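Below: a set of structures, written as structure tokens.
In what comes next, chain A is part of two complexes: it sits with chain B in the first one and with chain C in the second one.
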Partner chain A sequence: MPLALRDLQRAFAAHLAGDDQPALAAEVRPGAARLGIHRHHVLDSLASALAATFPTVQAVVGADYFRGLARAFIGGSLPVQPVLAEYGADFPAFVAGHDVSRGLPYLADVARLDWALNLAFHAPAGDRLVAADLATVPADRLPALRLALAPGTALVGSPYPLDRIWRASQPGAPADPVDLASGGVHLLVLRRPDDAVFVALSAGEAAFARGIAEGLSLEDAAGRGASGFDLSAAFARLLGLGVLAAVQ
Partner chain B sequence: MTTTRFAIASALAAALVLPAATQAQGNMEKCYGVAKAGKNDCQTAKSSCAGTSKTDSQTDAWISVPKGVCDKLVGGKTTAG
Partner chain C sequence: MQPVAGQLIVGQPVAGIGLRAPHLAEIVRERPATGFLEIHAENYLAGSPALQALESLRSDYALSIHAVGLSLGSVEGLDEAHLARVAALVKRVEPALVSDHLSWSSVDGRYFNDLLPLPYTEESLAVVVRNVQHVQEALGRTISVENPSCYLAFAQSTISEPEFLAELSRRSGCGLLLDVNNIAVTAHNLGLVANDWLDLPGEAITQYHLAGHAANDADGERILIDDHGSRVSDGVWSLFAEVVERFGRRPTLVEWDTDLPALPVLLEEAARAASVGGRGAARAA
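Right, the complex of A and B next:
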């Protein structure tokens, strides 16, 4: 008996995601080969989209392995909206829970950096807060000020030298080895007019920026900085980098 | 205003009046990143034609050993587990 339309559609969707459906194959002649075209197309397109969004992960593990990793992810996490650049939000968590992270424990952090760069790249450029915007604010009111990070700005911390791992993964990078035990980093990912980039922050700067992101007043955010933290330099740096959102 | 809060107010205010050249350093700061090509093109560069492969090239038997630059990340094992 032919499948009802809704059952046919469900079976077809499951087939595309990699789950064989004998009842579906019986509907199509010659079934397996024709159905295979569609599955291949869907999975290949999504794997390519993930490779474009997570280029550093791909560089670290190689294209073949990445393909397999992507395929394992896709089966359980099909896109929920049509913009391929927004597909893969759950990929870093998937990598963290995958066997590959037992051997390459920094890989999930690499994925988080790739994702943050992807979000920054697609974030609106928009206005940024500059020092002159605050010139009219009396100094005694600055500590209570609550600011926000500009769209596309993200903090990515890691116990691994993520910045050096990233650089070593770029095309044409020298073959110099990276010492994974050389310490962690606090990276600030930001959107600039033509690209998405990251800079390394000190622990104090990162704590200050995180406090601002959480909605703390500048005074409370400053309290997150460790001893020896230079508040003036940190505030000037964030303003100079253009990572604070313009005050509405 | 407490002494602490005064110190914070002063430090924040000082950041606003740093010389323009110092402020601009943030914009000139060495950053790492790449300008990516737009990729909202539905990834169609090799879509229909590649899709006519009747067999899915990937099976569960995918190559299971990372072979990328993880080799030069010292301490990074190239096998899972």
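Right, the complex of A and C next:
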């Protein structure tokens, strides 16, 4: 009795996920070994997609180790839709829980930074506020203003010097060792017209930006900063970076 | 129903190239002469600077949107959210051609990023006809369906691939995208005769694809892999000449996706494709 199409596709999917299917194998001509071509292609092409999205993770652990890490992830987290630029949201959490993070405790943060850069690169251009947009707002109304972060903007914090780790992992970077004990960072990831980048913020600026993202007024968001926080300087910096937008 | 070809007229000796990320800046800057540009739909759905570049190229080039993820052979039907995104891209870009493959990629909400084979049965035919009709309704236009490269077949198949494609076109009104390299790969891997694809209904064929393939030895068995990673092989050029002789010219894409060469090499390969079937050129190819 041949497999009905639904059963055949489910059996094929189970085979691709690593679970051999005798009923399917019996249907395959010229021989069941040919199924391996598809299993290999699925794992290999998805590992390549993850390598494109997490280039810094790959640079840190090396291409061969990355393949194994990716394959271990793929088995339990196949894509749920065909846009591969959107595949891998769970990879940083997978890395955090993987044995590799015992030796490389900053690797999951590297993955989070790669993912944030990927999201920023694919974010819609969107309208960003510039200084002229605020020229009509009376100065005494500014503290009560509620804004949003522009599409693709993200905050990535780490107890490790993530910016230095990232730079040391770029192609052609000098092989200077990074002192892991040199302190943590607050990185702001943002989309520019042709690429995505990050800049380092002070702790106060990061808390301020997070408050804006949560929908607080500028005054309340500034209250998240440390005492002596310079609201107008921080606001001017975020405005200059083009990461502020009107609330939609 | 006559398949829509837009600015790309069936019978024109045009050949185009894929718009791939490493060539994007050069193409935007130099605007090289080529018949059309092809994109993979799934690479332009997430939004990116590349999508803005594509919009800037629209005025100078006819475009072809080639989808790889609609999963026309999925028994569970189509991913409506994905179809809506492809439809929005088609509306935004207004391509001359839209296509996907005779294959499936998704089941139970999981996507495998491969063009997986179908058994060629009446049951499969009904599924693909239904899915193709649904895509065509969503896009408001006909699409073309491409013959896949096959590495295996199913014992339960009762219909040959060319017969399956012909019947799919007859029942759904879709066009056919004839990938000449895929014919060569499938025929070799499954012990079939490439000339069987020359029995397709020529009036349904809207496009041709050409590409390079690799040969792998698996346990002493030579298997051709459709990797789009090299020049078109001599055997595929010969088969292409026969195809053009049989069906006439169609807009032709040279696909090159891995080990991408410098842009001039790709353009040269496309120019060669455009010359096949011209007066006095058919025999030279």
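Everything below uses one rule, namely that the second predicted complex is superposed on the first by the 240 of 248 C-alpha atoms of A that agree within 3 Å, B and C clash if a C-alpha of one lies under 4 Å from a C-alpha of the other, contacts with A are read in each partner's own complex, and residues count from 1 in each chain.
By our rule, a residue touches a chain if its C-beta (ideal position, glycine included) is under 8 Å from a C-beta of that chain, and two chains touch if they have at least 3 such contacts.
All values reported here derive from a predicted model rather than from experimental measurement.
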Next item on the list: Could you tell me if A:Ala236 is touching chain B, chain C, both of them or neither one (first, second, both, neither)?
Entry: first
TODO: Could you look at A:Leu3 and tell me whether it touches chain B, chain C, both or neither (first, second, both, neither)?
DONE: second
Chain A contact check, chain B vs chain C, more residues touched by chain B
Query raised in the report: Looking at the overlay, does A:Ala96 come into contact with chain B only (first), chain C only (second), both, or neither?
Result: neither
Margin query: Per the contact definition in the header, classify A:Ile37: touching chain B only (first), chain C only (second), both, or neither.
Written below: both
With both complexes superposed on chain A, which partner does A:Pro177 reach: first (chain B), second (chain C), both or neither? first
_Quick check for you: in the superposed arrangement, does A:Ala59 touch first (chain B), second (chain C), both or neither?_
first
Problem set entry | First, second, both or neither for A:Ile165, with chain B first and chain C second | first
Contact-wise, after the overlay, does A:Ala246 reach chain B, chain C, both or neither (first, second, both, neither)? neither
Requested in this report: Please indicate which partner A:Phe12 is in contact with in the superposed arrangement: first for chain B, second for chain C, both, or neither.
Outcome: second
Both partners, chain B and chain C, contact chain A at residues 33-34, 36-38, 41, 45, 49, 83-85, 121, 194-195
Interface with chain B, chain A side, in the complex: residues 33-34, 36-41, 43-45, 47-49, 52-53, 58-68, 71, 83-85, 99-100, 102-104, 106, 117, 121, 130-131, 134-135, 139-140, 142-143, 163, 165-170, 173, 175-181, 190, 192, 194-199, 218-219, 222, 231-242
In the complex, chain B touches chain A at residues 1, 5-6, 8-18, 22-27, 29-36, 39-40, 42-43, 47-48, 50-58, 62-70, 72-81
Touching chain A in the complex, chain C uses residues 42-43, 45-49, 52, 68-69, 71, 74-76, 79, 81-82, 85, 104-114, 116, 118-119, 121, 123-124, 127, 151-156, 189-191, 218-219, 223, 225
In the complex, the residues of chain A that touch chain C are 2-6, 8-10, 12-13, 16, 26-30, 33-38, 41-42, 45-46, 49, 78-86, 121-125, 193-195
